[in-house]
Structure formats: C-alpha cells, structure tokens
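Next, two complexes with chain A in common: one pairs it with chain B, the other with chain C.
Moving on to the complex of A and B:
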C-alpha cells in the first residue's frame, strides 16, 4: 500500500512536471529577471541618469512641472526617484483623453526636472508582466500562470514524497555520473532551496486567491469590487468645487509624514483635484519599507490647508498573513544583497524545472540508445525542451539586442522589442525541430553565449555607457547588468562546449555496461 | 548579515560531518560515536545561534527572511562545491567558526 502511494506520487510528479514544465521554466526565468525589474529598466533606458536622492526637492520639481503642464487635470500621480529608480515619474489624467487609458506619463530628470526624452521600452516590466500574464489577454494568462503555480506546488509535494531519502542524502551531489548526477542535482537544488520554492509557489496562489477561489467573495459581496473596497479602503475624494485655490507645497506634506514616520520612503503620491478648493493629497509608504506588502501606511491631506485628514488603519492578522506572503514573493523590501539571493534562488527554481525536463527525456532515451531512430513522442519532447530552455534564453537576448539596435525614435519601438523576443523564440523552436538534438542544444547555447557575452560591448558602442563608464561613475545597476550578461555568456559558452564535444563519458559508460551485461549473460 | 551567514554555514558543515559517510570522505578516517554526537550538537547549536543573532540584529521579519536566505545559499554552496573543492570548503567552514562570531562582536 505504501509503495503504491509513493509510486502514484512519482507518476504524478513525472507527468505534471513534463506537461507544465516548459511553461514553468519560462515563468520562473522571467520571474527571476523581474527581481531586477527596475535595474533592467534602467539599462533599457540609458537616457535616464541617476542622481543623489533628495525627496523634497524632487517633489517640488514634480509639482512645478505638473502645475505648468497638467494644471487642468483631475488627478496627478508622482513617483519619487529611489535607489532603484533614477527617474522622477509623473503622470496625470488628461482632460482630452490622450495617452494610454487617458493617462499621460512622463519621466523627469531628478536633478534638472526637465523631461527626459528616453527611448520607448517596457524594460524589466515586460519580463515582470510576462511571468504572470504570459502575454495573453486578461484574465487568461493569469489563470494559466496560476495553474502552473499550482502544479509547481504539487510538484514540490509529490517530489518530496518520491524522493524519500531527503535527510540521508541531504548533502549529496555526485558529479560526472550521467543520469545519477542529474538526479542528485535536481534533488539537491530542490531540497536545499525548498523554503524558497515552497514560498514562491504558495505565495503566487495567495496573490491571485481572489481569482482562484472567488466563492467566498462572491457569496458575501456579490462581486470582487466591493471586496477590494473593504479590504483596501476607497479614496473618498469629493467632487471638484470649481473654485481655484492654490495647492499647498507638496514638500510640506512630505515633511509632516516624516515627522510621523521618520525615514519613511514614499511610494505613489496622488493628488486629486489639484488647484481646486477640494484638493486631496495622499502619500503612500514605499513597499520597500516592510516585508509585508502593506496598504495601510498612507496619509491623506487636505490639499489647500495641508491638514492631515485620514491615515490608513493597521491590517488585521489575516490580512497581514496574506500580505506577508505577497511581500515575500515580490521581494520589494530586499536590499542589494538579499535581492541577489532572490535572483540566485530564482535561478535555482528554474534549474530544478530544467533538470527535471532533461531527466524525463534522458531516462527514456537510454532505452533507444542503440537504435538510430528515436520514437516521435520522445523527439517532440526533445524539441520542446530545447526551444523552451535555450530558445527562451535566445528570446531574452533578442529583447536586449533590439533595445540597443532599434532606432530610438522608432514609432512603437517597445512593441518591436517584444516582437523580437517572440520571433527569436519561435525561430529557436524551428531550429530545434530541424537539427539533431545535441547539435541543436550546442548551436543554440553557443549563439546564446555570443549574444549575452557581447551585450556589454554592444552597450558600450551604442550608448557610451559601457563598463568603463558605469564602473567609473559607480552606476551599479548598469554595471551589474553588463557583468551579469557577461557571466551568463560565459556559462552558456561552457554549456555549449559540453554539448558540441562528442559525448565521451556516456559512450564509455555504455561500453562498460555492455561488458557487464555480456559477463552476466555468460 | 555576513556574521550570521558564516555561523550558519559552519553549522551546516558541522551537521554534514556528523554523518559517517561524509566524515569518511572528507577527513579520510572513521568518526567515533562521541565525535559524531559532538558534531551534531555543535551543528544545531550554531544554527540556533545564527538564528538568534539574525533576529537580534535585523528584527523578527527581516531577520527570519535573511536567515533562511543565507542559510540556503550557504548549504547550496557547500553541497555543490564539495565534490570539487573539499579542502577549500573545510577551511572556509573552519574560518567561519572564528570569523562569524568575531564579526558579530564587532557589530555590537
């Protein structure tokens, strides 16, 4: 009975892992990149320069800009520069309905307050969005991603049950032994970073729990709108009075918040009815300030008198639990050290999925090692393995190359970047289908090695902000990106070398195995 | 962060050595029962100390998160480095035993 249970779990692990593994690999890899969303965006928009932070000065600059350019708007949005975002972002609801959903966004230089003419690019936001929306229309992508998260959680639990020797082999990794090493690697990365894997897959379900398990919400509220209003509170904004009264200087309000919460960093700052008697200003604390993804730390002021009107109420224990999971998933609170660790564990999660896919195929290929022909279904898995792993890496590289090579003024260039990502990914699928397995791996990895390894050079040539510049001025986001690309290139080159060389070790082992079976036969 | 990371790393190294198989492989001799027990107790004690230190220095929320993160990173490094650089990692674990507490004291 017990063996039967374990075998059933192994079966579930194997097959759900295979079916969802390709997509999960993409979700994990892009999600990992999303931990450096702002840094990637900074690389993707090299026109935006970073300057020392000065919140009050930035706020005054934003107010001056918005009063001059959006005086008649009903709603302003300000995001101050931070350690990770160099630009001062402003946005406003356009009375003429221009911009995306009638909302105009601009990026200002944090030192001069002048509009930055940056190239259009989604930057890190593309990978962030892709990792839970999969470039599909709302809400289908979120549903599919949630299904994948559920399968990941299932895979972890069934994996633990299947593994059985968790503690006995806790410290075990035996390289250079073919399938044995792959299994050791798969198990070790899975077990050693298990807290991360469990946290990341469970919390992704918590993030979308209102969508995945809507019954309770629908029964009590009828629709999710009422639920969110009660959960997060509604901004009670009065109608504009139609009487012009100047807006209170925003840095004053910032100073009041600092008195209440010394050292608080600001997230979004919203102004309703600016320049009207009924103006309201709300300041929210940055998500970077606490592990839990809180919504309660906000202050709403009267925009004409500067009086504090309301302050967010602390969360209940249940909300804090949920928000802690959300916060842990997103990692907004992480400083540079912890952020790198998040990135590393993201890679680890990706590697668990990748090694699992490789093993599924390797185990079955062994049976057909002698015959020249591989069964169609195994060939299909092989092609999809190659396209979903090395092909995806090529797509990511294509996105970055497009960012640097497309003319900055090109109409709709952010769309072109995304198109190049998908085009190269599709071409990689075609290439994998046309070339024999090992060659296809080797060639795609080699191309990936070149594409990532040369990115720092491309950056230096096209923007003049190469490593020589970024290291000298201490622009760590830019330098970190280039160095990571270089590291990725070197790793891919090593992997490509392994694939392109003849598989000596495997051949020797097979020969030994043959001898043994021959002896046994005697 | 580095202080409790190093102490936790030493703790895991000690727990690893407490297993007969790994003790044999790494130190080329058989452990006595007392040695194994001592290593196991020391390993758990080091992990506990690093946890307390993390919570003490960084607060409950951040401390717990960072403690789990650096521990996972350390043990992953240990397990995947062991087949290639066993002596280097043993030396690193020994150094961590000294350096970790030293850094913790200096930070007080």
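Moving on to the complex of A and C:
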C-alpha cells in the first residue's frame, strides 16, 4: 500500500469486493426481485382473485370478519386490497397465543369476504426477507446485510477514485476482448446507474441505523423507546376498560379521512381494544402515496364515538431526509414504469458485482494459464463465483418450480419451497466443486435457461393461468412474471451457449500452451 | 500488490491486518462518537439531532476506511481514527456528564 492513493483505493476495492461480493450478489438479486414482491406473491398464490377496488366495502367486510372471529382480541390489523395486492388481509393478536409471535393472519377474498383457500407460500416475501435477513436469526442477518451495504458504498467510492476518468471510460466499450470487455462493462454499468447505486447502499444503512449505530440514541435518550416515540409520534393506547361498547363502523372513519386527505389510499389500519369503551382506531396513509413515510398522514379515532382524536405531527427536515432515503430504497411509491426502472437498476447493481467477481478471477487466472493446475485459492474463488451466481439463479428457479409442483395441501408447504431454494443452491455448489470451471458455468446456466424458460409452460399446465389466459384477461402481474421468466431463460441460454463453446480470446493463448483450455475444448 | 502472494513478508501481512482492524474497530468507534456528538451537541430538537448524528456517522466511517488504507503506515492508520475518537469522546463525555443530573 505504498504505491499511492489510487493504487491503495484499487486494492481496497478489489479485496473488499471479493470477500463480500458473493453475499452482495445474493442481496442485490433477491432485493431486485423484492421490487416485485406483490407480483411474485400473486404468481405464487394464483388462487387469490383480483376484484375492482372498493375500500369502504372491504373495510366493512374486514370488520364483520374480525368481529365474528377475533371479538376478544386486543389488537386488529387490516390491510386493504390495492392495485398490487388483490387480497384483503386481516390479522389479530390471538388471546391464546396462536400464530407467528401470537399474531394470526388471514387473507380474505375482496368480493366475497370469505377466507382465501390459497396454497401456503411465502411468495415474494421470501426474497424480500432474505434480502436483508439472509435467513439468519434476528439480529445477525440484519447486521451482516448492513455490513454488506457499507462495503457496497465503500466499493462505489473506492471504484470512483480508482477510475477517476469515469466519464471518459463510460464511452469506452471494447467488446469481444476478454478481460478488457469485462472491465469496460463493469465500469459502464457502474457509472450508468451510479446515482441509484449510491442511493441504494447509503439508504440501506439509514434503514437500520438505529440498530447498527445506536450510540447517539443511547447517549441522548438512554434507550431506543423514547427515540421511536418522538420519531413516529406514537400515542399512548389506553388500557381496555372492560366495558363492552360496539365498535364504530370503520367505513365511517375512512370517509372522515377522505374528507381530510381526498383520494388518500390507506395502508395499515389498526384497531386497539375492539368492542371496548376504550377502543382506538388508527388509519395510516399507504406508503404508495408518497416517497417518504409521512407520520403526519396518520389519523387516530375514538373507536366508540368515531371522533378524531389526533393526527400525526408534521415532519422535521431531518426526518424528511431520513424517511426519503428509506422511501427511495423501498420504492413503494413507484408506479409500473418506475418500478421496472428500479428492477433494471437492481439488475445493473447485481451485474456490477458479478462482473467484478469474474474479473478478479480472470485477471489472476491469466498468470496461471500456462500451468496445468490452478492454485487452490483461485479454484476456491472460481467455485464460489459459480455457486453464488448461476447457483443462486438455480435456487430461485427451484423455489418457483416447488411452488407449482408441491401438492397444495402439503403440511408446511411454504417451508418446503424455501428448502428447495437452499437445497438446489447447495447442490449447485457441489456441482461447481466437481466440474471444471467453464463446464460448470455452462451446465448450470443451461439448466437455469431450461428452468426459467419452461416456467410459463409449467404455470399454464398446473394452474390454467398461463400467458394465453393472463394476456387475454389483462392480468399483467401474472403475464409480467411469465414473460420475465421467459426473458431470463433466453438470456441464460445465450450465456450458456457462450460458456459451452470454446472461448475465442483464450484460444489464442491456448496455442501458446494452455493444456487446460485445450482439454476442456474437447 | 504485484508481488507474488507467497513472497510477502510477515510484517507486511500483519500491517494489513492491523489496518483492517483499525478501519473496522477504530472506524466504528469514530463513527459512533460522531453520532453521539451529533445527538448531544447539534442545536436542534432532540430527535432531529439524534437522526442527523446517525446520518452523518456513516460518512465518517467511510472516511475512516479510506484513511486507514491510504495512509503511509499502520501506526498512522490507528492514530488517524483513535485521536479524533478520543477528542470527540472527551467532549461527549463532558457534555453527557453536564446534561445528566
């Protein structure tokens, strides 16, 4: 590290990128999928039907259902159907402590109000959760994901320093030149989506900053409770009085909110002490309505008289800054066009990480091109590269295949889907360890091409909601999923074809005596 | 970094390890002190000061990492993160002690 500032930064970029690259690739890919969380869930639960939206009717329906099924609960949660989520979801704290963390959740059909009899599946929520929890127990996954986010930010900044002629290099792309093309591609994609990359990595730190950088909160408040109360402006909910008074019809409260904020879509609706004299109802505006979370768009009503008690306090500049970063990261506000842009940028981020990993190895492999055996550490990187990239894609495909092939009534079905994901990912690691590098890439990509390319067909055969149906009725979430799977399949087939054919550039070097490439080409 | 990996002397490896520790540990301590200073010293509402302190702290973590690998030797890396941390820590301690009855 004596060679000067840019060399030192290049060193830092290279090594932090290698160590965290594999995990970052998985975080970026699953995070990209999470932008279509609801659409993936819709595909994963084709039994849930979409209906025209009618908020007041849905709210009345949810109230009827909860009064009949959770009358003695202390807390209800209602989420109205939206453009992206067809089902009406209700949840309640179970007095007997049933359900996940004592909270029972049900999905209701928005037209009939009956419980949806859908297959058990985590759907898009699995990728969303994996993206920041990495299937690890709380809080370790979030900590590790935050460390990765910081390394991504560091990688971006050190990358900019390393390639300071960044805009000149952006217009330099030399295809078909092996290592040079990878570097050009890495730089071009990195620069093209640089504002997105910087935003996404810094904002992920903002999301969990209370967790990874709590010193300021602790010094100022003593504990995080006071901080959150001030940040979100929470009201104290009174204890239940023990006197039964019927709950005000919720659609009335909805109408009152509409008078205050015309056209507002509702996010979570919470009812505390339902059926009690001290009932409280709070309605929060949907995250889709603004970039930043708005604590002011929260209305709390007396649940028996229907009187508006409080509205959330306005946000300060610091809050708007933090909430805007969080909102930009989540992208809940994005309509279809912007959502696709998020998706494309997410793929770009994934590609920057992937090309970086490939380059790290390619550069060092060249030095050993003349020897018959690759050094162990390079082989290890090669195996991990293959498993973390094409292997992960196979895992994702396995999740979707399991969703369609497992019997709908299977006990613990959602767990089996997740097991399929990890099983195939692990098998891909084993396969990568057993096969020579280029073959392993080619075979996994080819299998991935088949797995994704055939998903629309599998969907059509198992649910009858294939492209012919979804395009005809305008079910764009279902059709979009199938078409994206098809596109992914075609891309992987193209990549597999490149890998399975003998390489052009390396072949020139092979003439100088690379036995390994010659052997593989046979 | 162009030298063969096997040819690197132990002292070089230890120096790299030391810089990594300085960046992760020392850098984090510095960033945490910045977040505390922000929370206690910024002339804003309590919650805004805490928020701003945290938002700024990651910039200092980033700068600490860059410093630890850009400076000429590992000792300077440690000095660069620990001396500002110490200074901020003294100020923070004093303010915390004055604010706590």
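Methods note: the second predicted complex is superposed on the first by the 502 of 522 C-alpha atoms of A that agree within 3 Å, B and C clash if a C-alpha of one lies under 4 Å from a C-alpha of the other, contacts with A are read in each partner's own complex, and residues count from 1 in each chain.
Just so it is clear, contacts are C-beta pairs under 8 Å (C-beta built on N, C-alpha and C of every residue); 3 or more make two chains touch, one makes a residue touch a chain.
From a predicted model like this one, the values you see are computed outputs, not experimental measurements.
Annotation: superposed three-chain arrangement on chain A; chain B versus chain C shows no clash, the two fitting side by side. Of the two partner chains placed by the overlay, only chain B lies in contact with A:341; chain C stays clear of it.
In the superposition on chain A, A:284 contacts neither chain B nor chain C. When chain A is checked against chain B and against chain C, the one touching more of its residues turns out to be C. In the superposed pair of complexes, A:215 makes contact with chain C only, with no contact to chain B. Residue contacts after overlaying the shared chain place A:250 against neither chain B nor chain C. Taking the Cα centre of chain A as vertex, the centres of chain B and chain C in the superposed model span 90°, given to the nearest 10.
Contacts of A:80 after superposition on the shared chain: neither chain B nor chain C is touched. Here's the short version: in the overlay, chain B gets within 20 Å of chain C at its closest Cα pair. Contact residues on chain A toward chain B in their complex (touch as defined above): 170-175, 185, 188-189, 192-193, 195-196, 290-292, 324, 328, 333, 337-338, 341-342, 344-345, 348.
Listed in rising order, the residues of chain B touching chain A in the complex are 1, 16, 19, 22, 61-62, 65-66, 68-70, 72-73, 75-76, 78-80, 82-84. Looking at the complex, you find that chain C touches chain A at residues 1, 16, 19, 31-33, 35-36, 38-40, 44-55, 57-58, 61-62, 65-66, 69-70, 72, 92, 96. Across the complex, chain C is touched by residues 1-3, 5, 7-9, 11-12, 150, 153-154, 157-158, 202, 205-206, 209-210, 213, 215-217, 219-221, 227, 230-231, 316-319, 321-322 of chain A.
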